[in-house]
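What follows is a single structure, written as structure tokens, with notes after it.
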Amino acid sequence: MRLGVLTGGGDCPGLNPVIRSVVKRGVLELGYEFVGIENGYMGLVEPDLAYPLTRDAVRGILPKGGTILGTSNRANPFQYAVREGGRWVERDLSDRALARARELGLDGLIAIGGDGTLSIAHRLLEKGLKVVGCPKTIDNDLSGTDQTFGFDTARATVTEAIDRLHSTAESHDRVMVVEIMGRNAGFLTLDSGIAGGADVILIPEIPYRLESILEKIRKRQQHRKRFSIVAVAEGACPVGGHLAVLEAADAVPGRGVVRLGGAGKVLADALADRIDMEIRVTVLGHLQRGGSPTAADRLLATRYGCKVLDLVRDGLWGHMTALRGCDIVAVPLAESRKERRVDPRGELVRFAKGMGISFGD
Amino acid sequence: MRLGVLTGGGDCPGLNPVIRSVVKRGVLELGYEFVGIENGYMGLVEPDLAYPLTRDAVRGILPKGGTILGTSNRANPFQYAVREGGRWVERDLSDRALARARELGLDGLIAIGGDGTLSIAHRLLEKGLKVVGCPKTIDNDLSGTDQTFGFDTARATVTEAIDRLHSTAESHDRVMVVEIMGRNAGFLTLDSGIAGGADVILIPEIPYRLESILEKIRKRQQHRKRFSIVAVAEGACPVGGHLAVLEAADAVPGRGVVRLGGAGKVLADALADRIDMEIRVTVLGHLQRGGSPTAADRLLATRYGCKVLDLVRDGLWGHMTALRGCDIVAVPLAESRKERRVDPRGELVRFAKGMGISFGD
Amino acid sequence: MRLGVLTGGGDCPGLNPVIRSVVKRGVLELGYEFVGIENGYMGLVEPDLAYPLTRDAVRGILPKGGTILGTSNRANPFQYAVREGGRWVERDLSDRALARARELGLDGLIAIGGDGTLSIAHRLLEKGLKVVGCPKTIDNDLSGTDQTFGFDTARATVTEAIDRLHSTAESHDRVMVVEIMGRNAGFLTLDSGIAGGADVILIPEIPYRLESILEKIRKRQQHRKRFSIVAVAEGACPVGGHLAVLEAADAVPGRGVVRLGGAGKVLADALADRIDMEIRVTVLGHLQRGGSPTAADRLLATRYGCKVLDLVRDGLWGHMTALRGCDIVAVPLAESRKERRVDPRGELVRFAKGMGISFGD
Amino acid sequence: MRLGVLTGGGDCPGLNPVIRSVVKRGVLELGYEFVGIENGYMGLVEPDLAYPLTRDAVRGILPKGGTILGTSNRANPFQYAVREGGRWVERDLSDRALARARELGLDGLIAIGGDGTLSIAHRLLEKGLKVVGCPKTIDNDLSGTDQTFGFDTARATVTEAIDRLHSTAESHDRVMVVEIMGRNAGFLTLDSGIAGGADVILIPEIPYRLESILEKIRKRQQHRKRFSIVAVAEGACPVGGHLAVLEAADAVPGRGVVRLGGAGKVLADALADRIDMEIRVTVLGHLQRGGSPTAADRLLATRYGCKVLDLVRDGLWGHMTALRGCDIVAVPLAESRKERRVDPRGELVRFAKGMGISFGD
């Protein structure tokens, strides 16, 4: 059995442990061979981006963030950006991808990635390529699985950042706004906000009213707590607001786009007009995608990597690994498209409110 | 409603977040009052160890290890060590504990602790004291709940220690033995060993043969991997071995006993006789119980603390909080006595073996 | 001897260890008494901001960032912002500060702070208040002393952030821009950039040319290194550029002003027009002022705190502590006004260039 | 110019940054070539342990502990352990080392290591091999230089460990003994003890009296501080005591020797007989030599690495780099043999005593 391995989408701590466990167990226990496909699906379209993925190649990568295979956010074989006549156009190069897989002698492909990567995997399957998947999203917003690797590391990074801001906020009259990843789902902001002791938590699922936030800050001042920490998801909006600007910025294809200070900046500007305190904004940005995976993420990723080989062995093509309770199971790839959201009436939000945290609603 | 709160047993990161969430939600949402009982059950037996536990008292404790209430390993009201005639004897002072609870005007008691603490809680309940419990064990060996707070932090600490040993081990011909907490259950060693990339993992549930470990080390040498990392639980023993010495040392009541280098030292000595490499032993000891709780543990502890108030409100005396899948539920206190062990034939051990990790069996 | 202690200016890891060592040594060895003055000089102007600073008050603060005394960026007794007729005006309330010091029975004042705090201390000395100082600046730009506490912690924080960005940058074709504190001095950016392995380092002392940076990035692409990390100080400017906007934003007195993405954003926008790679900006902001002080900073701060008592004991009013080589010495307060800058022709910049790091010149 | 590079002695965070900066600056700015010699001097005696040390070979090693070249504690060409007739004997193979250097075409050798490594370098110089050195000792006990790389990282590791013990110690009646590296010099224990807030610090330079330590612990109990933290250097001894046992254990040549719990265990046993508190011992062991180098160590190591090339370029064979105040200078290799010790009457010890820390004297 000879399998291709690729990682796609935004990167995420835990990709290397998945790759490592796939190769170690695959070679040692199952006698499989592996081919590393570089830069996501780009490596199936372009030449010279595939190499033998041996045990030596995965040595020492367990504690490392990122992915030794590289990744690509936009390389979709069905809409592949190519330069024609001085500009970028999209072409369907999926046949080339299948041909390349045959050329490399692949009996199957292990695709590790998010919604986008796994959707493409599904389409390639329909065209005849045997694929299994490993879901990945730092946002933890995948309904098919209880938790995705990378999420715990991102949560730890953000919580540590809020801890740091606490120590400096406490010394001043100050509102600290920290902008956290999450355009559609607030899991990362909710968890980190609670774990870091934020006073206000703003998530996409709960539109906020500025007045409600101001009330919370003023109430704290009255109790001589001079600072407030506001954890705000990138995608949090005021009641009636929307995300037009963000989406526009991201829509530019194949071009570098600088995006800085979405929801955090918008909020801070609005607050600055109404309160007589200093406001400071921190945009954690890609810090949240980097760093050594936590022990919990290394374990989850290792279990995913080992389990995906069971799927291969059992011929469960078109499936992906998922965590259900304490177990790693196989679910259809299509599950990767069902997103989940923070339940505004769920227990965690209720508990947080009970403890006095404001959600701005 | 006026509730006592105490923490008992060996300490464990997450105790402070439990206390904090109990008090914050209890005061703000439910209008309860709290009395902090210091040093575990000692605070119910001795005078002057109780004080009002207000919101001010819990400010800033979320990121702190340990417990602001103090704890005590051995203060059991039913077998309370008292000095009589120059020596220590045990007396049943449970009536005094109940009287003290009445004196403090307690409507109920929240006992946060391990098996011992919760067993005592159960016996006090039988004598008429209303109690609810929050389970705590760094060993994660409680069958009533899927995970206990403190475990993730300990796992992170041990994994980081193994990471550190890796970097130095790789530069030398060397066997690094790291002794990890866990007298009866190997969960901490198993998880940290996998997450840290250990070559050999020895746990109480799988008796080891020295020859098998030597074989693994020699095989690595043959592949020019000059070092090996051995993660060994305190309670790991060779086939046919036992833990008599350890237990004897711990049996001395009310006296300082120095214990150092149990299973790790025993193993290292045995290895030193048979291989021509340097061997180094690290005993992590109480490092594993200290440090700021991880984000995951702060969240779990916060949820436990909020939930235990639901038990109080709903009159579920004699119950404790537990994690089942993704939910916090109430289970009878008696569940705290059912221990669980690593399944030697379970998926995680099988995956680890598939990746080439030796368990010495 | 009864001494006031205050901390002023932007906060900085190490303030608590200074306060702790002053109080511990002062009380235990020298028999002094201390009064904590809250929120910098505000505590000498406003009532109710002074309290006995006992050994109990400083317990457990050694590992904590921030300052238990609070601080204030703008409370200058000589130009004190007061509200008159609905708007802010500045008044000289220095006499009130002196009167308050007498009222509190102070024999002297220990002022811990930056250039601003120590300049005010000097003016109060001229009006008759006995003061000694402890210099503090996270920027390390004080010519009177070889290193200031807080700098090592900030350097560690920034280096760790660059480490994190590395792991994610390496997986993508990407330019990572990280904006680092330092409006006038580039020490923090220079040190962290080298320690974090940045490819480009931009500091206020070396105006940059965009073309030079682009050249470096392109050269890396040619060598198949697909990412570049750019460490840029807040105050870095292109050749011929200036900082007008930044200064304007900071000039608004007594008002919350949101400032985000100075030099980093400017640079990223300029790069985005000219290269075909994704660019990501991270603004570390106040993360750099928070967190537990490093061991090195705790030591330096502790030595400063112990030494400043020697100055008091020896009657060296008008002096401050300073590090010279390996020794803590006393220098006149006026030294706090002499700033230093990175030497563009110094050894460290030369070494960095020798290793291939671009400074954009 | 073609230079060999080797690392010798116990490993130490910062070795990789030295190697990296040597190669990066050497290749890019000076046009030198490098040969990596593996496992210290073993690589000059045995075959097949040398390889081209290119820029690619040093990519990504800046944040890594250990040394990519490997090291060896005992490989001395002048007393090389060889197996003859079934047992280990020592032979002078220095001529073979010189021949190997010629064979590899080396114009000179850069030896990075401690006292032992640099002494051997000096003897090889006398036999005609051109060498320069980079001093390395985690103990910081080298009089020729103000600070050695690796020391700051070890100090950070130990301080963090003491922080962790604090949080658990505070919850119990307990004496926590932490054993820290340093057989002859107490710098690491002194610095970490102060930075971690230890109550008792025991170093080789100040013999301790048990009664004095007990007095300190009891005094703390009287002030209701129930725990005490004792930082003890491996080489600390009671008044009149000595280190015979330790030295014997280390004297066994070419054999794995398990050493565990020297001074820490001895002390704990002695205390256990006399106080009625639990005592816990942690032996940090090789954790202190591992881990990613701190920013400060990466910088110092990078400066050493760049500077040692100036020595080569300027023909300063027989010299090594050293830190004097803020400058990196060249000093004769012989300086590596002058050790320094903590001054028991120096300012830092005096300050610590002033703050109430006991040294057991």
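So that you can tell them apart, the chains are marked A, B, C and D in the order they are listed, and the count of residues begins at 1 in each.
Note that contacts are C-beta pairs under 8 Å (C-beta built on N, C-alpha and C of every residue); 3 or more make two chains touch, one makes a residue touch a chain.
All of these numbers come straight from a predicted model, not from anything done at the bench.
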Reference chain B; chain at largest CA-centroid distance: C
Rounded Å distance between chain B and chain D, as computed from the means of their C-alpha atoms: 34
Between chain C and chain D, centroid-to-centroid distance (C-alpha), Å: 32
Chain B and chain C: spacing of chain centres that average the CA atoms, whole Å: 41
Numbers and ranges of chain B residues touching at least 2 other chains: 163, 166, 292
Pairwise chain contacts, counting only pairs that touch as defined: A-B, A-C, B-D, C-D
Residue numbers on chain C that touch chain A, as the complex places them: 7, 11, 13, 15, 64-67, 70-73, 157, 161, 163-173, 175-176, 226, 254-258, 260-261, 265, 268-269, 271-272, 275-287, 289-292
Residue numbers on chain D that touch chain C, as the complex places them: 21, 24-25, 28-30, 62-63, 146, 152, 155-156, 158-160, 163, 166, 191-192, 194-197, 292, 294-296, 298-299, 302-303, 306-307, 325-328, 347-348, 351, 353-356
